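Just below sit the structures, each encoded as structure tokens.
After this come two complexes, each holding subunit A, first together with subunit B and then together with subunit C.
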Partner chain A sequence: MTDTASTVITVSQPEVAPRRRRHNVALWMSVAWLVLVIASAVLAPWLGFLDDPHKPLAGPPEEGPSWSNWFGTDQLGRDMFARSVWGGRLSLSIAGPAVGIGIVVGGVLGVLAGYFGKWIDLAVSSVVNIALALPALVFALFIVTVLGQSYMNVTIAVTILSIPAIARIARAQALRFAAREFVTVAHMMGARWPRLLFREVLPNVVPALASIAFLAMGIVIIAEGSLSFIGISVGSPSITWGNILAAGRGRIEQSPHIALITGGVMFVTLMALNFVGDEMLRRLDVREARI
Partner chain B sequence: MLRFFGMRLAQLAVVVLAVTLLFYWMLNLLPGNPCVAAFGGAATQEQIAECEEDRNLNDPVIVQWAKWGGDVLTGDFGKSYLTGRTFGEAINNALPRTLLLLAYSQFLALGAAIPLGLWSGYRQNSAGDKMVSGGAFALLASPVFVVGLVLILIFAVKLDWFDLSGYEPISEGLVAHFKVMFLPSVTLAAGLLPVYLRLLRTDVIGTLQEDFVGTARAKGLPVRHVLLRHVLRPSSFTLLTIFGIQAAQAVNGAIVVEFLFDLDGVGSLLVSWVAAREYLLVQTLVALIAAVFVTVTTMVDLLYSVLDPRIRRK
Partner chain C sequence: MTRFPRFVRSWLWLLVALALAASACGGGDSDGGETVVAATETPSATDDGAGQDDDAAGGDGASEGQGDAGDDDASSDTGGDDTAPSDGESQPTTPPDDAPDEAIGPEPVYGGTLVYGLEAETTNGLNPITAQAGASGHTVFRQIYETLTIPHADGTARPFLLESIVPNEDHTEWTLTMRPGIVFHDGLPADSAALKRHFEEVEAGTLTGIAYADWEPQDIVVLDELSIKLVLGRPVTTLPNFLMSHAGYLASPAMYDMGGDSARNPIGSGPFMLDEWIPNEVTRLVRNPDYWRTDTEGRALPYLDAIEFRVIPDTDARFAALRAGDLHASMDDAGINLGDYMEDFKVVREGEQFRSVGYLMFNASRPPFNNVEVRRALAQCTDVQTYNTLMWDGQPPATGPFSPGTPGYLEDSGFPAYDPDAGRATLEQLGITSVQSDTVATETFLRSSELVAAMWSECGIDVTINTVDQAELVTNAILGVFTSTAWRGHSGYDLTTERTWWHSKFGRGLPALNFGRINDERIDQALDQALEATSPEEHKRLAEEVNRAFADGVYNIWFYHSNRLVAAQDDVYGIDTVSKYTDGGYLPVFGGRVSLAETWING
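Moving on to the complex of A and B:
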């Protein structure tokens, strides 16, 4: 048996190999970029070569990239590289917890709805469908206004917004696996619902949720970026990618590098998140993930 | 059929009531008197008393909400106590801009996504398809404000083809109108396009496997005819569904785009009211947006059942 299996693999390999490898390069580049961004965000206060992002005249004002200021400087001469790193630190420190909590809460709601069906499903599905049909940014604005502009409140707002989309995917996954033979067999063997839910269904939903986490991370970063771009996020001395871009918009004629480089960093980060998430979904064969 | 419509309308009413009540209740959690805040902290006792009377602040929340609903239904949307401008005046000015922006961008997005999606699905895995799909993937990862800034830099600053001078109505001439509306519409469309494109492409690849496509080709119909008449039609459902979902996405984008291009539409109105702490107006606007959206979604659902009678029996 094992012999035939290995021969089949060796025979088919030459055809598949080149495509796979190319894919892997892009995948590993994405992972490397994400590790770089996350590491610099986490370690920002301890990185010796990084300027103080609030210090004016770290270089001549409104200069393009140079050796001393890799990403150039803004109109006050603050170092844009340091500001990008610190901006990423705040944006990621909002997106990380938001997605973490969103996955747990949305995952639980979705799995319960998908597994138990009936009124639980009806309740969860109707709330989720309504929430998904409403413009999220309007409600994020509303929540942040009501609660006040602080790190905590922005995180709460984007967390609430991430829950329905995650719940919807978790529900679809749970539905799909709850109907599978191995669950029926376990049921026939006398397993009760806690075992069926936690030992049979849940382990199959978790990998999908893990890959959704990458995509959700991208969506939350864009949501927080939009909020801070229009000036309704964490207060002004704090640096986020969104408010660097808002400032760069005002100086787009004189120093386009401010908006372009920060926008580029954001774009590459989002590309990497989407790429890793998509690739994981493809390997796990998850459908209904993309809205 | 009538019963089905009746059920949907009843559901719609319940959802609108629940959503607006929820928002009313949330605003009530705010500390302080909204009437004091509404005057920006500089109001006389009589003004505050008049505002409280006006907004029924002395009633329980549910009664306030019911009276607010009655006012809105009879066309009284309230006013800004700070500037004296009524809600209606502000909306009349802003709404056409936002609606035009949304219409242009949906038109551009669908206009580009349908031919590109059909073609890249038909030529699956060709170099062109890879370019189109790669481009869509990149657009999907581009926040609206980044796309907008890049377009501004290229087309308004470097090439100087378009103006960045706020809004010009159609009555000022089509050229002036499109000079200010083109870039915002393209920016917003860039966010909508990849979603339509990717879904249509997947759909097309599936439909091309069907027997009726083979039959149509065997009859000698030209590829263009088969794609437009036979392959696109079954995808109309997917496009309709996604159009409903994307409508919400489009409004998110519109808020950012209006801010970016100084368009003073409904989104800008919302942001400026939020910044000025005009909670009473924000509340009415958010509730109305919610009501409009729930209505749109219901309409899409109803349209399904018109297109496909099988759904009614489920």
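Moving on to the complex of A and C:
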């Protein structure tokens, strides 16, 4: 028995260790990238080396990357690096609140539905299912068209879209933990529902929601980008990654850097968000961690 | 050798790919280089400005004015051979084996479907009386209806569907005679009854009626089978010029009988008939087998079996579609990409004269633009030369509504020069810190608006850019629901046809065709006098007076003169050719509208 067990360990260890190291490196690269993007977005107004993103003729129009304009310039000669940073600032400032509110509202609804079940679950699940059945982009388009193009309204639109998906995940997590032994034992020992909910279930759901938040951030950034691409996100002259892409698509042949570099920044950011989210989900998963 | 973990390697590959893509773009666009050297110190923006403008939405169905004053004696028949309608017996020909003459092209080939890119859909359907049409709408109308008169390069209108148009001595009566043998798509004759009905509909039209009423019409007398006499209450020396546009598209009485349904069921006498219309997507026209005109060899027209007009509002997207071969031909008012068009395609351009003007139009009835000091200050804050360099073809700033070569053009009209310090000081003194501007929601228009916003932000002005679609922009202009917006129009062909856009009597009430709500006594007087003036010299003097009044009142910020063109693939011939009935002086691509009756695809 002992030999068999040790054999399993020696066979599995060489595979697990490098894989974990790879994950570690990738994780830290992703984290570093996100820190860089978020820090530059937050600090954009105070970064002295950053050009005014609206200033025409910061360089020759439609010039590719150079020492003076790292990401090149657009059709008006505006510095694309500055525009990418400021675009990230607005894209993230839409995604942040949208996901934050989505986590709070969707999380609460999902946990209540998952823990209490019965009519609460029925009501919440019904609303969530209906909301998820709506075509997301059309729904967002409708909201922005009715309310008007502004930062607030775009944020509202993507927030409303994020709530049902997060609620469903929170409900699933709450359902899972509400049926776990330690909750049952606590209940048998006389713990009442507030304690069970806030001390036993919620602490186990929150890590999962936190990891979902990263994934949701990526989805919301794409959603905002999609709205920008069809011209109904935050109005001009505000800059988002999406409207930079939209502005560059018509000149993709003549000046591919306008769309490709910003698209690349957006892509790497989304990849980093997804990877961090996945890693968090894996590492914070209670079942994997404790069993 | 140490190997990086696979995930790290994939990140590195990604970075390398991005770096390669970035370096590939390093060449940039060549013409930008010089620009910067010259203009680096000029405009600059700060942060969140906001701006607006540009390119008028083809919308302005309105500003299709034209017609030069003066030479009103348009009675003479146009030349060319006879007008005998073709019986359709002409046989398709095949292109010759020898190399085609670039100027003339090979022998016309019958058949095929021309796919043509338009910049906008026409608002309110395809009845010219009720439609709000810009250059795109007029291009479609020219194929379905054709006009009673047609522009000549000498600045006069010549009869087209009409055989003659003759005034009495004091220009209060005009006798209009139709060409014989023209029939509408429904088989009804295009005769005096149809002509009378047409003018009755023009009078009843919401927008056309406004202009028509200005002539103080008294009566429409049918003289014979082909002739009518328009009796007016005032002299109108340039009536033929009005009949090249909305008021000149002759439709079948049966179409007018349809009332509201006429917008979807156009019936004209043009070379093509409506087959299918899906708004904002495609307008498909098919050959009219009974079309009246022939080519110089007597062959039946049109050559094409069908035309598909596709609406692609964004300039860059339209250009890309043409380059990708999705379009046979496409219209544009080309600025920054004029060189690309000229290099890559066969191009038919409007003439040097009678080009329209692109400008920022203020609503002079709404604060803060009801204050001439605000308008002047913002004009001083606008670096038009830089604007034209970045957004257009680098031409010098327009000095007024008239392009060089037109009667009203002035090299120095007195329009405020770029002087941001003076502008900023005035705006600070007046306490103006923000304005709103409307623009069409396409990338080109947005970029233009952002550029103006950036310039104005240097003067301490925040600009809120309100984006609307092209049709909405036109409606807002008619209703006066805007503060400032980009616009385009005014060919300078004829001062009198501009009166509906500029005279104060057309700016009161709703709907209004004087979109900018201009109320200027000098302009009014000049326009009134022009309606009765008969000498070209007098028209020139009046047009120059209007130009100076515009400069003093700063009702608009003038940017550039248009570069209207139609770009086509190499195998497309005969774009905007009207080989007969024009005295050999047909003015092509006038206002962006073209005739496709003599267009063919070779192969």
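By definition in this document, the second predicted complex is superposed on the first by the 268 of 291 C-alpha atoms of A that agree within 3 Å, B and C clash if a C-alpha of one lies under 4 Å from a C-alpha of the other, contacts with A are read in each partner's own complex, and residues count from 1 in each chain.
Here is the rule we use: a contact is a pair of C-beta atoms (placed from the backbone, for glycine too) under 8 Å apart; a residue touches a chain by one contact, two chains touch by 3 or more.
Treat the numbers as computed from the prediction; the structure is a model and nothing was measured.
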First (subunit B), second (subunit C), both or neither touched by A:Gln75: second
Subunit B versus subunit C as contact partner of A:Pro203, first or second or both or neither: neither
Partner chain in contact with A:Gly231 - subunit B first, subunit C second, else both or neither: both
Partner chain in contact with A:Leu245 - subunit B first, subunit C second, else both or neither: first
Partner chain in contact with A:Pro256 - subunit B first, subunit C second, else both or neither: both
Which superposed partner A:Leu270 touches (first subunit B, second subunit C, both, neither): first
Which superposed partner A:Asp52 touches (first subunit B, second subunit C, both, neither): second
Which superposed partner A:Pro135 touches (first subunit B, second subunit C, both, neither): first
Footprint overlap on subunit A, comparing subunit B with subunit C: 231, 246, 249, 252-253, 256, 260
Residues of subunit A defined as touching subunit B within the complex: 129-130, 132-139, 141-142, 145-146, 218, 222, 225-226, 229-232, 242, 245-246, 248-249, 252-253, 256, 259-260, 263, 266-267, 270-271, 273-275, 290-291
Touch list for subunit C against partner subunit A, complex: 5-8, 11, 14, 18, 21-29, 31-33, 35-36, 39-40, 42-51, 314-317, 319-320, 323, 336, 340, 386, 390, 439, 441-443, 446-447, 449-451, 453-455, 457, 463-467
Residues of subunit A that touch subunit C when the two form their complex: 18, 21-23, 25-26, 29, 52-57, 59-66, 71-73, 75-77, 149, 231, 235-238, 246-247, 249-257, 260-261, 264, 268
Residues of subunit B that touch subunit A when the two form their complex: 15, 19, 23, 26-27, 29-30, 137-138, 140-146, 149-150, 152-153, 157, 195, 198-199, 244-245, 247-249, 251-252, 255-256, 259-260, 270-271, 274-275, 277, 279, 282, 286, 289-290, 293-294, 296-297
